[in-house]
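Each in structure tokens, the structures are laid out below.
Both complexes shown next keep chain A, but they swap its partner, so chain B is in the first and chain C is in the second.
Let's look at the complex of A and B:
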């Protein structure tokens, strides 16, 4: 520790080089931390829902195939089922076609029991149950379109040949998807002329350990019927949506890896340059008695500090940018990317490792070099 | 009088390790650029190339994609007789009613995706001339037979010719494999429209209609007529326009790729600047000598800038070679618009190669500019003193 001063002094010696290197590492780690944050969206949502007792039951053939409304009563009689909420995708747009966000119609009576973790107050639930045109809106969608509670909005139908006029009675928070809009299915059903079909049933089991049993019981009950069902845990259901973007996720990871390689090269080059210039000086230090190990650790500390500084700047700005970007960009699933603490830690570790490894070879060589040879180059 | 380029090339070779590391950084940035642009080009061609210049797509008013559209039989019957639509020599109208539905299919490696199953009539092959059956034959409408896009074969279970594909509620025999010049129909399964209606329990309606324009027909007049005729009352646009709107995925990817590449380039430029500053510093005496020999300050600057450019462009070429194995690689991508998988192949086009080289040159110029200026500004006496 007593050499801290010397390490810092060495850092400011070639100020321009230090700044360029720190900036180079910073911009690269900025993009690295942003890139590796992309695939974690999926993992985050999955771990949020891993212990959920919710089950999604849909038509075995795919979500484009409906299931009869009458299945609701039958599913409710399956043992260990607490409640069932039917859901239909409305797919409406607000003003422009590009203003897309998920909007769904759900059974209103028991939404509070199905999604107690969605941060909806009792008053808002009561309003939702009372007003036929009520809707609950996620915070992100509220912000994106500058909506406020009490406002009346119209969603233009794309799948359905009509529009719905809705009154915002509250916002969702907690673990609710931040861009969802929920409205009442009885309103949709009536407007659509009571087709008697829904897209999906959300089923809540009494205990997590009963989930597999309930799923099997539901699907067996509808086997060989005109609309066979497939039930999935909430995590698997959401995971299958995320899975669509796997090429994109793999790509982000690949690019992140290439970025790290690139900064590694840049940092190693700089470290080698700055150590090469100091060869004579290092030889002098060794000849007056500094052990090789001390010199090596000083050089490494210097390099690690550069890496860490770049890491903090890069990761910090990525954190801020993602936070700003995530509101109102409407870039599909990209808009929900947040930087997880794990990624921050990972980026900083990468930063330290880059500092360490980039200086390892040249510093090691310089510290172990034959003093006589090195001193000779001083002259 | 210019300083020979040979001087720069040799200088680069003298500091081999440093050159390799700086160049490696630039090469990786260029590789990233090429990979992302190849993805964008692949997605773009998979989406945009689907359209046919002579085709018009008819949707329900307000519908944004064919997935969200519905057309009744009487509407279809009313539009069939419009004069702007081409007719086959046998009198058949080139109007193809279609019903795409998304059905779950299972990937060979595990997992599943929504795949578009398009219900069509045999006339579809006339309206979409890009679609060609390359193996097997067209499906027979009276039995559960389908033809499968080439982009799905191998990626999804039971998509090979002769196998039995399960989707929806039934079993379907694969009797043909189709290509579509890289368009998105290659990621689809085509079957008889009535069989698909039955399977999806849809009523007797279509999602959209594709019309082939008669030679010389007035497209705008047709689109207006389709919208204004009370018996039809539908919205139409050319396929080119329609698929341009569908290409949002590709555009989003392009932006993402550009941002990543530019930010990485900034990092690489800082690295190149470091190297070039070091090169200038360690060759102060040489610069003094060159100046003393009579080379102009401008020649010194040009020389160092060229050195940086040579390094960057060579590195760029290496980066392109590094990224080349991705060319032709096929994969599937979630389409934000249709919520179904889209098969595409990475395409490293000639334009991308040129862009990548320009990109590398820009990095070299940006990284070399300031150090080269410093070299130019040295006074002969000071520079020579450092010997």
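Let's look at the complex of A and C:
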């Protein structure tokens, strides 16, 4: 503590340089923490939406291929299966082609049991079950198109050669995907002429530990059939949609580290310059009796404080910007973007390391330098 | 009875290596300086004055020979040990004052005390006393850039004496000062020597310095060329005539 004043005095020795160094570190750590936060969106979506007992069963050849509706009864007989809900992708657009959002047809009877975590009220479910043209709309889509409960809307078919006219009976909430629209599959089946195929079966197992066993049983049951199935946990299923973004996420992380490395080198140059200017003073302090280790500690403390100040400003700014961004995104997927405490901690550790490593070499050299040689440079 | 020496250099040689060349800065020098004396080391440039001073201050190591200061044999001390020893026994005054520009006069003088166990109040008391002794009580909060050369050197002297060292070592303390300030600084060093019985070793080119010291050690080409009594108390003209 005796040396704190000395460290702080040296920090403000060249205010402009200190401020510029802090700001350059702040900008780099702003970029770093923001970029590293992006991949957490995927993890957040998974943890927000995925259930440990839900299984997605689809055609082994891919999601573009359907599976027979008749599979539903067979899957329901698999041990540890509680219920099955079939789902078909309608893929309609609202007004313009750009007005797209996920719209799906599902079995209306047991939706509340399959997705109890979606927070849909009993009244709204009752309406959904009662009205054949009923639909439930995610809050984000409601906001985006200024929709309201009771409104009738028409979705133009892009996959199916017809339109569907739907009545909004409620909104999905809780952990439901905020931009989805769900309507009744029996309505779609009827409009499509009862083709007897669906895109996906949602299966609910009784316990999380039985999920692997159920998945295996389903897929074995349809092995060597004309439509073999592939079952996966809900987390893996949603995760597979995220896979296309994995490279982008990795790139973002890599870019973050490159920015940090670059600014680390700039900070090292600044630290070297600052310490070089003070070689004489350092020699005087050593001649007075300051041990080399104490001087090294003080120089490193200065640099760490600069790094930490940059880290707090950069990380704090990124936190605020992401917060504003997520609020501005309404209930869309980006609304989940946020800076995790781990990333805050990680950024501050990086800030400390930038400070430490940038000054390590010049400070070490200055603290160990021969006093007589260093004093000669002052004279 | 054997006299106790504050500084005892026995057959000290210091050789510097400059690329492929060897420079013999001090060559088999033996000097004994009794405690409580104010001595000057004089000689032409490159005679080894500063090297000798650096060895006495413990900021350089002899290539061979023995260096004992304040009764401590410092020849074999490691750097960390030497740093602690310097903090306790040596007060250094430099030609260019070498004050830390971002610290006030008070904070500059306080520096050596940071290495002691004194608390803040005790440190303040010591610093105020040291600055009073050098006549700068009213300049405590001034930064070096706000002081004249003579005042900066006074602050440097206050910094050298504040921790009550055994020996004050001054390297050309008047070298960067005008005549009036130089006389003041030499007078101040005499006061330190008389009032506080400090042993003072001063390297100087300044012929006026002879009037203030007890003994003059003359070096030439790294060899002790002579030891003469100083002309302490002699009038300036008489000292100038020799």
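One rule holds for everything that comes next: the second predicted complex is superposed on the first by the 259 of 379 C-alpha atoms of A that agree within 3 Å, B and C clash if a C-alpha of one lies under 4 Å from a C-alpha of the other, contacts with A are read in each partner's own complex, and residues count from 1 in each chain.
Following the convention adopted for this analysis, contacts are C-beta pairs under 8 Å (C-beta built on N, C-alpha and C of every residue); 3 or more make two chains touch, one makes a residue touch a chain.
This is a predicted model, so every value here is computed, not measured.
In the overlay built on the shared chain, the residue A:352 is in contact with neither chain B nor chain C. Once the two complexes are overlaid on the shared chain, A:7 sits clear of chain B and of chain C alike.
Applying the stated contact rule after C-alpha superposition, one finds that A:265 touches chain B and leaves chain C untouched. In the superposition on chain A, contact of A:217 is made with neither chain B nor chain C.
Contacts of A:61 after superposition on the shared chain: chain B is touched, whereas chain C is not.
Note on chain A: of its two partners chain C and chain B, the one contacting more of its residues is B. In the superposition on chain A, A:236 makes contact with neither chain B nor chain C. Of the two partner chains placed around the shared chain by superposition, chain B is the only one that A:93 touches, whereas chain C remains out of contact. Note: no residue of chain A belongs to the chain B contact set and to the chain C contact set alike, using the contact criterion stated above. Contact residues on chain A toward chain C in their complex (touch as defined above): 2-3, 5-6, 9-10, 12-13, 280-281, 284-293, 371-372, 375, 378-379.
Taken together, the chain A residues at the contact with chain B in this complex read 16-17, 20-21, 23-25, 27-28, 30-31, 35, 60-66, 91, 93, 97, 156-159, 161, 226-228, 240, 243-248, 251, 254-255, 258-259, 261-263, 265-266, 268-270, 272-273, 331-332, 334.
Within the complex formed with chain A, the chain B residues making contact are 17-18, 21-22, 24-25, 28-29, 31-32, 35-36, 39, 60, 62-65, 67-68, 70, 101-104, 111-114, 167-169, 199-201, 245, 252-253, 256, 259-260, 263-264, 266-268, 270-271, 273-275, 277-278, 331-334, 336, 339, 341. Contact residues on chain C toward chain A in their complex (touch as defined above): 54, 57, 59-60, 79-80, 83-88, 90, 92, 94-96, 98, 100-103, 107, 111-112, 114-115, 159.
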